[in-house]
Each structure stands twice: as C-alpha cells, then as structure tokens.
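Common to both upcoming complexes is chain A, partnered first by chain B, then by chain C.
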Partner chain A sequence: MVAVSDKLDEKKAWSPWPLTRNGGILLLLILYPFIASPFWIVQVGAQTFFLGLVALSLMLLAGLGGMVSLAQLTIAGVAGYMWAIFGESTAPISLHLPWYLVLPIALAIAVIFATLIGAISVRTEGIYTIMITLAIGVGFANFANQNYAILNGFNGFAGLSPPPIFGVDWREPMPFYYLALGIAGLAYFGVVYFRRSTFGLSLQAIRDNPRRMETLGFHVALHRILAYALAGFIAALGGIFIVWFNGRISPGSIGLGPMIDILVIAVLGGLRHPIGPFIGALVFVLLDNFAIDLIDRERFNTVIGAAFLLVVLVSPDGLLGLWDRLKRALAKGRDESGNDGFQP
Partner chain B sequence: MITLSRRILLAGAAATLSLGVAGGTAAAEDTIKIGVLATLEGAFTVLGEDSMRGADLAFEQAGYMAGGKKLEIIKGSSDASPDSALKAARKLVEDDKVDILLGPLSGSEGLAMRDYAKTQPQVTFINGTSAAQDTTLRDPAPNFFRFSTDGVQWQAGLGTYAYENKGYKSAVVIAEDYSFPYSQVQGFMLEFCKMGGTVPEKFWVPIGNKDYSTIVASIPDDVDAIYVALGGADAVNFLSQYQQAGGDKPMIGGSITVDQSVMGSQARLGKDYLAGTPSAGPIADAWDNADWKAFVAAYQKQFPDGFPSPSLFAHGYYIGAEAIIAGLNEVGGNLSGGQAEFRDALMNLKLKTPTGMVSLDENRQAVADIFLTELREGADGNLYNEVIKVIPQVNQTMGEPREEFLKLGPVSRTNPECP
Partner chain C sequence: MTANARYMAWALAGLVLVAIVAAGAAGVDVRAGRDVRLFLLTFLNGLTLAGLYFVVASGFTLVFGLMRNVNLAHGAIALLGAYIGYDVANWAGNWFVGVAAGFLATAVFGLALQTLVMRRMEGDELRQTLVTIGISIVMADLMLAFWTGTTYQFEVPEFLFGATPMPWVKVYNSYRLFVLLIAVVIGIALWLFLNRTAVGMMIRAGVDDRAMLSATGVNVQLVFALTFAIGAGLAGLGGVIGGSFLSIAPGEDVRYLLASLVVVIVGGMGSITGAAIGAILIGMAEQFGLAYSRTYGVVFTYVIMVVVLALRPEGIMGRRG
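Moving on to the complex of A and B:
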C-alpha cells in the first residue's frame, strides 16, 4: 500500500501546461452547475466532492502515512450523528442548539474520536490496522443500532438540513454544490500543501522507514496519531455534508457497505495524489447511479464490482496510475516518432 | 502531440458528461414514465424481486398502456436502508424524470420516501409494500398514496382470536427492532389488551440475529403464548433454539413470520408445534376465492421461476400498479396541472383487487380486507394457512375514531404497553 514517490513531478521542467490544465478544470467545475440538471449538480457533482472528502482523509492516512483505516466513514458518521443530536432533527433527543455551536461541537467530537482510533491502532501495522479499524467501524454501527438513549437506534435521525446562513437555502442545488466544491477544494489544497510541509514530509518518511525515523529522534506514534486527527477533521467535514445531503442518518448509513465504499473510492482513484480520491468518487458515483441502466436490473452490482476489479488488476495504483502509464506511453510514442515532422 | 492527446481525452470526458446531462430530459408527450423501486440488493433481495414481479404482472396485463398513453417502466433498487431508497428515488425522479413512482418495499424506507415526496410535488408517489404506520397516519405528504394496508391493519382480528378462541390470556412479544414490527406489535396488542390479555415482556432483536439464547432463557414460564414478529429466516432460527431449550409455548405469528421458510422447516420445527398457529395479513395463499385464484394462476403462468404463490410483496406492488393504471384510465392519461386530476381520481378510486375492494381514506391510506389465518395440516400431510375469517374493510385507525387513535401516540419499543 506504500505509494510511489513524486519524483516524476519534480523532474519535469516548468511548463505553462499544468496551469492551463488546472485553470481549465477549475473553470469547468465552476461553470458545471450552469449546464447540468439539479440531479447532476447534486447527486453526481456535490456527492463526488463530499465522498471524495472522506476518501481524501483515507488517502492522507494510507498514501502519506501508510496506515489503511476503514473507520474514516465511521468518523464522518460520528460528525453526522453529533450534528443530529446537538442540532435540529425530528427526533425528541435533539438539543436544538444554534448551528454555530453545533458545527464546532460535531467536528471537535469527531476529531477526538479519530484521535482515539489513532491512539488505539497506531502501534499496529498493515493488516492489523485494517482489522482494528474495521472492528471499530462495525462496532460503532452496531452500537448505534442498539443504543436508543443517545443515537436513537435503528431509526436514527431524520429532518436534518444545512443551516440557513446568510439567508441562503444551502440545500438548493447550486448553493449546495458550490459549498461542497469550496470545502473540498480547501481540503484538497490543504493536503497538497501538507505533503510538502515538515510534518507531512516526516509522516512520509515514517511511512517509508519508521525504525530509521525513530532512531533519528522522531516521535513516530505521535506523528501517526496527529495524522489520524487531521484526517479525522477532513472526514468529519465530509460527514456533515453526507447528513445534509441525505437529510437523515441511521446505522445503515455507517454500516460495513458504506465503509467499504470509501475504501473502493480511494483505491479506485489512487492513493498517490490528493486528486485520486475525487476521481475515484466521480467514477464510483457514476457507476453507482447508472450501472442499473447498463444491464439487467438484478445484476447491476456485478458491473460495479467488475469495473473495480478491472481497474485494480490493470493498475495497482488506481486510475491515477493508469493515467501516468498513459502519459508515459504517449511520451514514449512521441520520442519514437520524433522525426516524422510533427511537433508536440 | 501529448498536449493534443490530453485535450482529446478531456474533451471526450466533457462530451460524455454533457450527453448524460441532456439524456434525462427527452421524454415523448404520449409516454408516461413510471419508476418502480424495490429492494434488489441486500437482505430483502428475494422479496424485492417478487415485488417487481407483481408490478410487471399488472403492467403486462394492461399491455403497458393506460389512459391511451404508453407506459415506460424504469426500475430502481435499494438495499432496504432509507439512504439507499432516497438515492434510488432521487435518480428516478430527478434524472429519469418519472411522472409516478411506485415503491418502496420496507417500513423505514417508506418514512424517508414520504419526506422526500414533500420536496417533489410534481411527482405522484404510490407506496409499494412499506407498512410503517406513520408514513400516512401522522404528517402525511399530499402526493403520497398508499393502496396497501399498514402493519397495524395487517394484524386485525388476531388479538381477539388469540384471546377468545385460542384462550391465550398472556403472551410475550419477540420482534425485530424497527418501524414495521413496532406497527405489527401494536396491531396485535390493541385487541389483545382490550380483551383483557397481558403482555408482560417484549424482546426486540436486530434483523438477522442468530443467537436467541438470552431471550429464550428470559421467557417467563407463566405465559400462555409467544407472539413472534420475525422475518421468516429469523423466525426459524428463533423457534429451533427455543425448542432445543425445551420451550413449548404455542406461537402467534406476525404477517411475515409464517412464510415459506418456516413452512419448509416444518419437519425440524415439528408439525404438531406449528399447527394451530394463528396469524393475520393482507393475503392468504389458500383463500378459496375466484379473484384470488385467478391472480395466483396469472402469476404462476407469467413467472414459472417465481414463488409457488405470490408473496404479499408481489401482491402489494400489483395493487399499487393496478391503482396507477386505473387512475390513468380514469383521466385519460392527463397528468397536466400538477397531476391534480389524476390525484383526485386516485382519491376516489374503488379498486377491485384479488383480495377485495380497496379505497383510500382522507390521508390517502388504504382501507381493505384482512385475512385471519391458522396453520392447519392438510390432507397431503403438509401444513397450509387456512383462512379462518376475512375481516372486512379494516381502516388505519382499526375502527376507532381518528382522534382517539392518534392519542395512543406513535408506535415504538415501549408503546403500547400492557404488562
């Protein structure tokens, strides 16, 4: 699961191309709601961003820290549950606090929860980390299913919605889309910056050789726990969006199926770069919504599984890896046909 | 060239995207789009598939035409969780732009669908088989119609029969822990407690529970019967563990308790034990009635691979689809003006179904016949559900005045009580 380094990017000489490309993508993302229908704006567009957010938190842990946590959706779920418990919902348990209190409380509790998960699982490696976080995630979902005093059991909470800040109805397609885009963008650039920060670099070094870093005097466990906390914050943001989008949360929303979905999204996109989870989320959302139109209604889950298998088999580093290979193949083709009169 | 290739790729992606965006909007004037949503994934897959058979049968019989318009059927799938039902409904309503949505199957999905219906006033929602009481009883959506009966109605007559004819004065409840069994338990207890029966204890278990040992051990000795509202496979697990532990209290069954999986385990569970189990629900396999038999025959002919006899899920979706077809025929397929005429027609529909007449009350909830049955041993030695009584035209408030009934409060783990 250890990702390859970013040498490719660094060796390249500066060219205006990435700027044009990134600008183009940004422009496309901003203009998208003007050409798309509400379904495509919210269920495809916005959902890509907030599922991508949760998967981004996994990318941070797995790609940069070498720790595969299955509990990232659980952390998102904790944030969502806290939003429901402290804020407005149709269940009598809710405390109906104003949103500017609920939001920080929900995020803080989710981050504390994430830090605890980190503290528990940080001394394990590889498959054991997966097992522990899987146990925590499934355990929390089962707990939510049976706890009626705080988490309202099987029924969970309904009637959740974004607060009407600045008089805007944030559940409307356009505002919801731009809000998700904005937060996802901030988180994306945050992680891009984080990769180059001192903390980010030492985390990657710990991923590659924890024993050497320990010898050099770095506190390995602390770095990892902090990574869990940071990733937990990103996942929690995603979790708030998930409950705003669904308008409800119940144990089914944080069960094993959705937990695995996040892993699929992250692996599908690729764990090497923060853009991977968002690409993975887009492909996943499209498959999830439209596979049923491609094939016999009773068999559409097979399509989703097959597509995932195909990507993972063809490219161990997800769609990003596929892209890199394509790029290299194209570059090679150009070298070979360099004298045939065409200029790049 | 590398730049070019990238651009082509990007352009390709953009083109695919915009094709998809445009794809959902093209709809012909003389076609009516109907979405059908059932559980084609997860624990209820088999039931969802049978639901689809019910809907398909009705549309097939109508030749995919109603009110002079062609019917286009688009199917969606959920896994019985409210989230997945919402996701599938959003796709059907907002992307496929269906005019009418038929579904969902499960109780909690229905509650979510009612809330979603309020945000989509341009679409008419027809319930599938979801049977949670509050979907239509409290805070109903003006465009959500339920032509199937709810879990409380399904138990009509059962409590009285258990008390008077079977002579059970006290019973413990073992039921799954979600909105549909809550409704079932209320339906049973309303009558049972009114007659003077007591329910000293209720045990709520998660769906798919495997180990019932703690519950079996806590069932008191001084009760006359156990009321079991568990889905078929869960019921088999519970009953075999109960019997292994020496339990011998007779069973009273919820509407989905005594199904094919329990019947199939009759050798293991003991015919003598199962025979005499009373139950109640919206259909009865062995009902000797021409309309019902015609429906069963049509189902068997259309779906040789289906169940031996249509389940209550096929039945519920069949009735929902029939209601849509009848409503559309009434208004000549006219859905203009926010479907107002169509909805009026639905409200005033007197629908003749394989299980008797169905009409709606002011909350757009079905009033229909309910079947009180008892497991008996047939001439061939196999168990079958004999119809004891057809309870005519059961309404949502079980014959009580609406205000009185609403005072009972929403059903939950602790409501009702009569220890």
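Moving on to the complex of A and C:
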C-alpha cells in the first residue's frame, strides 16, 4: 500500500476560501437550532454528532492507524453501561452515585476496556483485526445478555438521562444539541491536531510501514495500543451521549447490527479525514429517518447496506473521496491515474 | 511449520481440551455427585455441535487460505442455504434433496460472488471484506423480507429421527450422530480432495504462493472460483444440516458467522486440520459451558480465543507470516 498523500509539504497559495467555508459551516451549525424543529435538532442534528463521535474513533484507528476495529461501539456501550450502573437508572442494582463521579468512572473503565481490546488485537494485522474485534464485540453483547448481577441481563437499564448540571435541563433539544456539538467539535479538532502531532505522525508511519518503524526503534505495538486507548476515549464520549439520547441500554443496542452500523458510517463518509465520519453519520441518520419515504420502513437495512456496498464498490474513500474526485475532475478534466486504492 | 512448533501446537490444543473436560468433570463431582451420564451427554453434544461447526468453518477457512478473503457473508450464505434447503425439501418431500439443493444453490451463489464482485478487487483484502459485510447486511434483510421472521424446523428422514442405543448414556439423538458422521465424511473428503487430486494440489500451491502458481500456467481464476463455490457450498450444507437440529430463523446467520470466525481464529486460518481442532474446542466449550455454568458458559469460548491469541496469535495450526 502506498502512503497517503497528506500534502504535508505541499506549498499552496494562501486563499481565504477554506477559512470562509469552515467559518460558514460553523456559523450554520450554531444557528441551526434556531431555524429547525425539535425533531431536526435532536433526531438529526445531535444524533449525527454522537454517532459521528463513535465513527470518529474508528476513523482514528482505521484511517490513521490502519486498524479496522469493529469493537468501537462495544467500547461506547461499556461507557454507557457504566453510566447506568454507577449512576441513576430504574434498575435496582444502580449505585446512584453523583454524576461528577460517574462520568470519570465510566470514561476510565471504557478506556481501560479499549486498551485491553487493543492489547489483544494488536497481535493481529489487517483483516484479522476485523475478525478479532468482531468476535470480542459480539462476545461482550452475549455476556451482557447473560449477566444479571452487574449488567442486568436481557433487560439492561432504562431511565437514563443527562444530569442537571448548572441548572440546565440537558434533555431539552437546544442544550442537548449544543452539548453534542461542543463535544463533537472538541473531538474533531482534537483529531485534526492529533494528525499533525508527533504521536499521530508516527502512528501514520506505522500504518504505512510497521517493519521500517520497528527498525527505526519505534515501539510499534505500544503506539497501536495507545491509539486504541485514545480512540476508546472518543468512543466512550459518544457512548455516554447514546445512552442519554436513548434513555436506555441493553444487549440489543450493542449487538452485531449496531456495531456494523458504525463501520458503515465511517466507511460511508470516508476514513481519510476526521470530517468523514460526521458526513457518514449525517447520511446514515437521514437514511434511517427517511428510508420510510423511499421504501418500506422494514427494509432500512437493505437501503443502508446497498448504499454502503455502492460506496465501497465505487469510491473506496467514501463520500469524501467521491467529492475529491469530483473536484479534481472539475479542475483538471480527466487525468485520473486510476489510483483509488483504499487506504487504511 | 517446524516439527517442534507442530508438537507445541498439538500440545496446546490437547491442554485446552483437557482443561475444559477437567473443569466439566470437576463440576460433575461437586454438583451432581459423579453424574457420568450428564457428562457423557454433554461430551456427545459438544462433539456433534463441533461436527456442524467444522462443516461451516471448513468452507470459511478454505476460502481464506487460498484467497486471503475474509468472507463475512459466510453466515448469511449458510442461512440462505438453510432456507432454500427447507423449501426444496418440503417441495420434493425428501430431506436429502433439500441438502443437495442447499449445497448447490449456495455454491452457485458463491461462484457468482467470486466472479462478479470479488475478482474486481483482487488483492485489496480490506475492501473485499467490507464488500462482504455490505452483502451480508442486504442478504439478511432480504431473507427476512422473503422468508419472514418465522422460525422453521426441518423434518429429518424417519430413520434418522429418534434415538440410537449407546453404552452408558443409554440412548442418544440419532440425527446428531448423523451430523457427526457427515462432518467426518466431509473432513476426509476435503482431505482427499486437497491432498490426492490435481485441483487440490493447485489449491494448496495457491495457498503457498499465488503468483508462482499462475506463472506455471494454471488458470488461477478458475481455481479461485471453484474454491469459493466449494466454500460457499459448505456453508449452505452446514446451514441445512444445522437447521435440522437447531432452527432456521433470522439471526442464525450471526451464529454461523461467529462460530466460523472463532473456530478459524482458534484453529489457525487456512488450515482444515485447524478448523477441526478449533471446532472441537469451541463445540465442547459451548456445551460444557451450557451444562455446567449456565450464566457464564458463553464466555468460555472467548476465553479460549483470547488465550490462544496470547500464546499463538496465528492460531493453533496456523502458519506465521
């Protein structure tokens, strides 16, 4: 596989366009709740952000680290479960600790879990990683289904909600939207920064040639495990939002279907840039809500599966790659070299 | 693999198996006061389940070994085979016709999948894997639309229905013994096919070095297509015979896929012997877990997987590199 051209040292003439465009998008995202209905604010807006968060963690692992992990939703699920176990829920086994203790505990346990998954799966490479993480994720869902002592078995937990911090009811559409936007934005810019950090650059170098990096004295396995931990933190944030949004968590919500949804979102959007997962999440959420108008509601999986297949077959870099190719085609006419190798 | 590593591998497999059986035996001792019958029944259940897992996983590992293609639609193909087999068996009134139909239909499906889709992205393993995920999503949904969410149960032929007298356990389900027999026959047939025929030789050569095989003038695409067809056919066959003692319902595809995955991860990818060892380990772990530790039985399987990965990341019979 060839290295991704991240255009590190490509000198471009400064243009005001990217700044204007990004500023415009940010302004639009901030003003959005004032022009949209609650359905569009929460179901579409906020959901895009937190599903995008979980997919962003996959983008970090797969796009930058070359490790396609299907267990990112499992990590999100662990964070959600911990929120339910240590915090408030309708189940009698919840511990009812205050939120400022529950939040760090939930995030920390999820990150530890992610690190363990990383430690197990870095022993494998490429497609093996998909298989291992798939088995771990489904195994955890099966375990949650059987374990009544801690995870409350098949029923899981209900009655989950964001805590009333600063006297704000975070369940209201507007505060929930801005909270999701804020966290997703922080994570997004965090990953954008991470790509240029020393650790991020070595991770990308390991993705492109692990053997060479090993020879240069880099600890390949440690870098990968740390990437799992970092991605796990992002996934855990998304997981907390998921349980706040759904109000409940059960083995069904961390099963194979939702796990694959995250992969679909990330690949649909594109794994090359951190904005990809959010674009994928938006398309996914829109399809999820409006597939009913395209085709029978029951056949949502066929629609999303077909969209996924189409993207993988036509544009291996997802919608982002499609957009890039369109731009290039417009700019230079047809001088495609045919190099559309899928890059993680 | 050197002789030394091979002994290590067998020793590891034996050790894990002994550990499971010992744990089961200890459980017997503590709970039911040396209930030998329960122990033997569980052992037979584990062995026969292993037979089913072997049939499904051998197809998965065959395709992987040759083409480095992780076919995550394998479970969906198994379920498709089960549905088609069920319909044809009902229509023909003969279970064996159903089995043959399940095998042939999925083999043709696999052939189409390889020639129409997989060949277009050869060498791009990750993309192939993603495509099979997409296919499995669509397949599962379309099967749900066509065959609905009803659970189907096969009628097995009269002479396989009922119980066979056995020493110690008195009687045992005849059909499950028959499944074990099928698995052994398929195992031997696969071994003969791979080791004693010209095509089998080509497949083995392709596993070792694809480029070299095609340089010797062999039509590699033909070998690939054939292997994929056999692999998918074995999944469909497993679906039909499994559907006769488990059930045919939406969600069973995940079960088959997961069983294949864990079996080949544990046994070593691309190795038929590995698939047999993995199937026995996983089948035993599942049944002993179910019988002696109802709550945490499901976890045994994954504990085995993690232990094997920690000690031998390439799987018990797998090869490094």
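FYI, the second predicted complex is superposed on the first by the 318 of 344 C-alpha atoms of A that agree within 3 Å, B and C clash if a C-alpha of one lies under 4 Å from a C-alpha of the other, contacts with A are read in each partner's own complex, and residues count from 1 in each chain.
Everything below uses one rule, namely that a residue touches a chain if its C-beta (ideal position, glycine included) is under 8 Å from a C-beta of that chain, and two chains touch if they have at least 3 such contacts.
This one's a predicted model, so the numbers in the text were calculated from it and none came from an experiment.
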Report for A:Gln146: first if it touches chain B alone, second if chain C alone, otherwise both or neither. both
In the superposed arrangement, which partner chain does A:Leu263 touch: chain B (first), chain C (second), both, or neither? second
Based on the superposed arrangement, let me know which partner A:Ile132 touches: chain B (first), chain C (second), both, or neither? second
Classify the contacts of A:Trp40 with the two partner chains as first (chain B alone), second (chain C alone), both, or neither. first
Considering only touches as defined above, state whether A:Asn301 meets chain B (first), chain C (second), both or neither. both
Common interface residues of chain A with chain B and chain C? 142, 145-146, 148, 298, 300-301, 342, 344
Inside the complex, what are the residues of chain A that reach chain B? 17, 21, 24, 28, 35-40, 42-43, 142, 145-146, 148, 153-155, 158-159, 246-248, 250, 252-253, 255, 257, 288-290, 292, 297-298, 300-301, 327, 330-331, 333-334, 342, 344
Of all residues in chain A, which touch chain C in the complex? 68, 120, 123-124, 126-128, 130-132, 134-136, 138-139, 142-143, 145-148, 256, 260, 263-264, 267, 298-302, 304-306, 308-309, 312-313, 316, 341-342, 344
Residue ranges of chain B in contact with chain A within the complex: 1-3, 5-6, 10, 14, 18, 20-21, 24-25, 40-41, 49, 52, 75-77, 79-84, 86-87, 90-91, 94-95, 108, 111-112, 115, 177-179, 206, 413
Touching residues (chain side chain C, partner chain A) in the complex: 68, 70, 72, 117, 120, 124-127, 129-131, 133-135, 137-138, 140-142, 144-145, 254, 258, 261-262, 265, 269, 295-299, 301-302, 305-306, 309-310, 313
